[in-house]
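Letters are used for the chains, namely A, B, C and D, taken in the order the chains are written, and counting of residues starts over at 1 for each.
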């Protein structure tokens, strides 16, 4: 059962999950979305942040990086396998 | 000299000085202005308040009565002989 | 930088246009309007009356005090006079400043003080009587 | 009693009309607009971008929190997106209540929180560069 659910989750991530980008993170990546690789080590929000920082070191200069999972701010230990929608949230500046 | 200035001041008061009325004080008196009598005992704001309360006892039911002399709130001991404009200020309720 | 007025009818866009300042990042507007009840009874309409020259003078003093206490770009106080129906605006206080805390604090100061010192009187019309607000203890 | 919107252009009369409530004696409106300078340099224009569904969801949460903390009649949050010139309004926050203290406090709470949590980003255009505000320490 454990193995089965693990495979399901991996499958979800590989099924073309994309991270939506806004503001400066969109400028750094140079596009509006970032496709996630088929990488079984990408299990949590923290894994995702590390992967993004590795791919785009300039993200490390930002004041903060948040991840929203299904329109909610996510904690670092939150799993991302069941996510329907993921977005990278650079420091906000509305108002 | 003292006598002289006293007469001047009396003359001013008797020269048709009127007290402007607003809000409930206008309703109590039944008109927009109240003519001051030729009465040498009316020297200060306090004298004026006492005279008004004596003439119109219903003024005593108000939360407060203020006197404005030349568009400024006046203290009780302020003389009224040199005033150009006097108004009775019942409790305000703007806003 | 001070705009003080007694008017028949309040126009909000005028308030925004006046308060807008290229150096101000924020403005706070307080708008008082006619409530439909008071003393537990239905209010039919209101009527405002002012000792006009003194009301203008007192409002200017308040605006001046606000400018001395907070770094403001603009201060606006507009009060309506005459008959007002439920829902109509009767007073607008507005301040603009570089930092929004100053706008909030000064706006609140101005409406609190206006209600205590500016010679304007409000008469409430109920179905069965009229009352000069605050007149009696 | 909650009105949340992302718009191209802010219309103030719409905000007043929505906030007006026969049981509310006072409303407080905060209006943020484009300043002409930042970082000691002239701002030519601004551009706002949002993660729209999440921004709406976060603004609704804030309005809900305000309604739980203060006895409010109405809460309004409107934020503009796209390009904005100096002087144009970019955000309007409004609350109405029977007592004005509640309107002031809740309005200030909402703009403070909005600036911290709602996923909207502001890009400042200077004559020589563009900057995403707050992006870097």
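Here, a contact is a pair of C-beta atoms (placed from the backbone, for glycine too) under 8 Å apart; a residue touches a chain by one contact, two chains touch by 3 or more.
These numbers were taken from a predicted model, which means no experiment stands behind them.
Once chain D is left out, the chains joined by touching break up into A | B, C. With centres taken as mean Cα positions, chain C sits 28 Å from chain B.
Centre to centre, using the average C-alpha position, chain A and chain C are separated by 50 Å. Chain C and chain D have Cα centroids separated by 23 Å.
Each of the following residues of chain C touches two or more other chains: 32, 111. Per the contact rule defined earlier, chains pair up in contact as A-D, B-C, C-D.
Those residues of chain D whose C-beta lies close enough to touch chain C in the complex are 12-13, 16, 20, 22-33, 35-37, 86-87, 89, 98, 100-101, 103-104, 107-108, 111. Note for the complex: chain A touches chain D at residues 20, 22-24, 27, 61-63, 68, 71-73, 87, 89-95.
Across the interface of their complex, chain A is touched by residues 32, 48-51, 53-55, 57, 79, 90-91, 111, 114-123, 132-137 of chain D.
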